[in-house]
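These notes concern the structure reproduced below.
As written, the chains take the letters A, B, C and D, and residue 1 is the first residue of each chain.
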């Protein structure tokens, strides 16, 4: 299996471990990733708020490049990236006149034929193979946290149940974990305020951390770089706000699967976290 | 000098909406051009396309077909059936090369007296500007009348 | 072909059908409809490129119905005609043994359901020549289109071959025969011809199975089939349905949706 | 040759000032077939009509064109006048010289010519008119009311009090419907049972009413005045004549743990049961799905104990066919379940309940005897959150329409709760308060102002359980979207009102139309709100759209008035403007080819199949036949028919062709 790959900025910066673990896990599962050549920013956060045309042109260029490279499908692990790509693709399909204008702007033909998939969709396809290859079952209680962008808005992403998604829970079950019943699967983490208003992040993400612990989770599992930053990078602010030292780690789904497949924690970038993932060395061994 | 051209307009209207609307035009004393001749049927559903063809045959330069707005049909759905029939009929006429600027489909409700006057005036002016439908009259002339 | 013949003989020998309606050699290169009533006559059946006639037109005739159960050789257009005739209650489910012919392969279909399922698997495409002509007509100015058809109709002599060849024109009393009132003039002058073709087109909109037999039947070569085909295509475009697909009543012009487009209405 | 009279009216100055009526009358004399033409100041006046009648006799006229005002105004007048002169009324047509000519055009030659044209057209039409006779349909003076809730009971009582027989069919074992489940009713807070029970008893005892409970309509044939309705009487497993309703069987039934429908699953009942103590009739039924005997073949405790020996385990469903003249649908509604809302935890929490469940909790006859106890642990809830518009006005997950009753019953619920738990806190999340009704807004104000119910304008985005509490997360949009979090003990969802179970199937059985949501469609949204498109079938209550009790009762009386009106004659008289399929001698029988493509064109399901049979009974031909009892004369089938086998009386092909050829 060969699939196009669009890492986006987060996966080269603050969430390098998401990139590392994605590559490592997919490699272990026999999936070849082919990076979209000369890719650019997807326009998340800033472009789509400030300039509508730009918010379409940026994703359109990425998709056009993927088309030129002969890719029929690209994986965008970052939830914001995949959301932007999907939004732009759908809007351009609905408005041929916009499409013409955008093609002119990016100086490339754009067809809109490339399928955009998120990491959960790819892993879900490989679920049987994952289950087969599990070496060290991840026998932890986990709170699967989807955040907002993976499932919303439903008419754009058209993925899983927007209020009560299940795909990550099922994947986690496949590697031996026990997902806890919790109500905050898609609750806001404070995403875009990660830099500007850490006080809001502390409050919103703090609620998630506290509830996950109260419901007996050993780890919060995410599939979005923003979610991860807020739950991991901002843990100090969160703990200050909650007046308690919460040590529950936030892990990418790819890291959890990687551990279960018996990959080296270093290859999964687990050492990069702010909140240490204490049980990595012995994961699967301890009960 | 020939007399200035006055078009012949035939209107097919339903009893419950457009005919009543045209009655309201009267009771409101709104004036319109007198070229139109109204043919009353119970419902737009009753309007057979044969009637339109015969009106053209008899030398109509313009035709109005009008009934109740969607959802307002006295018979619930006669106008919906009529609408479908017109959709197909219109396309058929276009394929045949008939000048469809001369056939106007419209909804005029029993409350739209002013709209009826406006519709008749617009159609009359438009058809007057188009001139007599000589293309059609020619082929009628070619037949035995 | 051999499979067809073999099956035809079997059907006749076992008495499952009274006749097999297929094609036989006609004058010159032409093929004609042929009823094989004895196993011995089956040998006359042919099946080749030239077998274009829609034999479904025979299926509704009294003389044929009187025979009892008949097997019919049915290329795709004939299959569509047969199912449409069932939808219009002119044929009963099971009245016919349908020997469906698709690119040489023979499949026997005994019921409407089987026929429906068989047809659902196939895409319906227009003849390349017809497509070109339709596109040409479409590209013409309205005046040119009017002139085109007037010129074509000028050769029409109202022989009604187009009507009689059509499997869907089974009415015993056609509008054309209607004289109280005489909606369409009988004579084949310009207006009579125009109205005839308009009425024929409207009657087939939503019912035409696009076999093209009317055009082939025309002795003076008027492409009358383009009229009904374009009307059927209009129905498909507007309402997303085609005749000759379902054995249950589903007539585009006696059903509606409340949100049918009405941009043309003012 | 026709002898047609043309009578041109001046309508005082109304026509006369613009149209030269005398000239018109003169011009009309030259139309072939016109035997007499005259103008007169006021044709509709008594002398005008008399003059016309004399002219008809004197000139032996067989057709009349009155050139005056709109036929929509005076056609009945002139047709009556013509009939009194001995000519069939349908031989009279009106040319509209006033509304369509004199009032809308300027005085002048063209207008006068147009007037003459209008007359000419109708003279030609009349030459093809046929004498028509009103259609008479006999009427069976028995009504059937389907649904025994408050609406159905009201319809039945009104018709019965009007002196006609009524069969009241109810699918559950007792009449009473949803209203019997309610605790108190808005805006008066009077006890629902107390006002309903006397009506139920009255209906049961009324000599003109036959109750058929535990019964369902299976099949309907026929048409207005002449329906044949087949009803399935489900087996109660009981001889109703012998049963005295003593209740011993219920007391002794060993199987007591069955979820109770009447209490919305909040209580239990036995396998042999009456739904509620005041049930009418007060005769039990055996729930065969849960009865030990039907499951294991053993038990029969009830049979052994029954003092009158009324139990009949072997009893089977019975089909009864009735002759019915009119049908009223009053099948009510159902509430959307709480398990459709993922954001509210799919109703997994026992303490998230719907409005009807709250009614049972608040009802003195309910599972808690009216004491506020939450379902999960029976504790008194200290904080209750009510969420209006749960599923209503929600295009993405629920239904787009407003359920209409929830604003009011939510206010009522909050009040009832506060009256029972004085120290409790009640919050209502709402989108808008729609309290349009007599004393309705005052009622809501009372809840807010006197009972201190906290109204928060905003939606609830999520409810989750935490430490035995339900955390309700919402927003207060009147406070700039400020997030609100309430830790509640119980949440009541005012879930959407939906069309009742099986209403689409019932609509198909009865051939009445229904909307996308399964509510029955009225014949006209404004002017015929209690009629359906099928003549002789009427509507009452929430089966048509969400309705509260007063509206349901009002509509029920409206429907009853329609039925009583229908029953006031031995025969129905209908305008003969109906479609007819032509008939010819053998072997053609008709121009109809039996393609039945017209079938779906008829808005009234008036097109039937008619089989022509040979002497030996063999079907020779199947033709369309139009039921004159059902046809309303729109003519849609006429335009659909390819062979012109169908024609419309009064607007026939020949008439219209003649008109067209005169234009």
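Throughout what follows, contacts are C-beta pairs under 8 Å (C-beta built on N, C-alpha and C of every residue); 3 or more make two chains touch, one makes a residue touch a chain.
The model shown is predicted, which means the values in this text are computed figures rather than measured ones.
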- Per CA centroids, the chain at the heart of the structure shown is D
- Could you let me know which interface, B-C or A-D, is made of more C-beta pairs in contact? B-C
- Message: Just the number, please: Cα centre separation of chain A and chain D in whole Å.
- Response: 54
- Between the Cα centroids of chain A and chain B the separation in whole angstrom comes to 62
- Query: Just how far, in Å, is the C-alpha centre of chain C from the one of chain A?
  - Reply: 58
- Would you kindly tell me how far, in whole Å, the mean C-alpha position of chain C lies from that of chain B? 34
- Message: Where in chain C do residues touch at least two different other chains?
- Response: 175, 183, 253-255
- Task: Please set out, as single numbers or ranges, the residues of chain D touching at least two other chains.
- Result: 601, 640, 653, 657
- Touching two or more other chains - residue numbers and ranges from chain B: 49, 54, 77, 81, 85
- chain D to chain A touching residues, read off their complex: 342-343, 345-346, 462, 464-466, 471
- Message: Under the stated contact criterion, what part of chain C meets chain B in this complex?
- Response: 137, 140, 142-150, 175, 183, 185, 187, 189-192, 194-195, 197-199, 201-202, 205-206, 227, 230-231, 234-235, 238-239, 252-258, 260-262, 264-266
- Query: What residues of chain B sit close enough to touch chain C in their complex?
  - Reply: 49-50, 53-54, 57, 70-71, 77, 80-81, 83-99, 104-107, 119, 135, 138-140, 142-144
- Task: Could you please specify the touching residues of chain D with respect to chain C in the complex?
- Result: 588, 591, 593-601, 622, 640, 642-645, 653-654, 657-658
- Item | Of chain A, residues touching chain D in the complex | 161-164, 182-184, 187, 211, 214
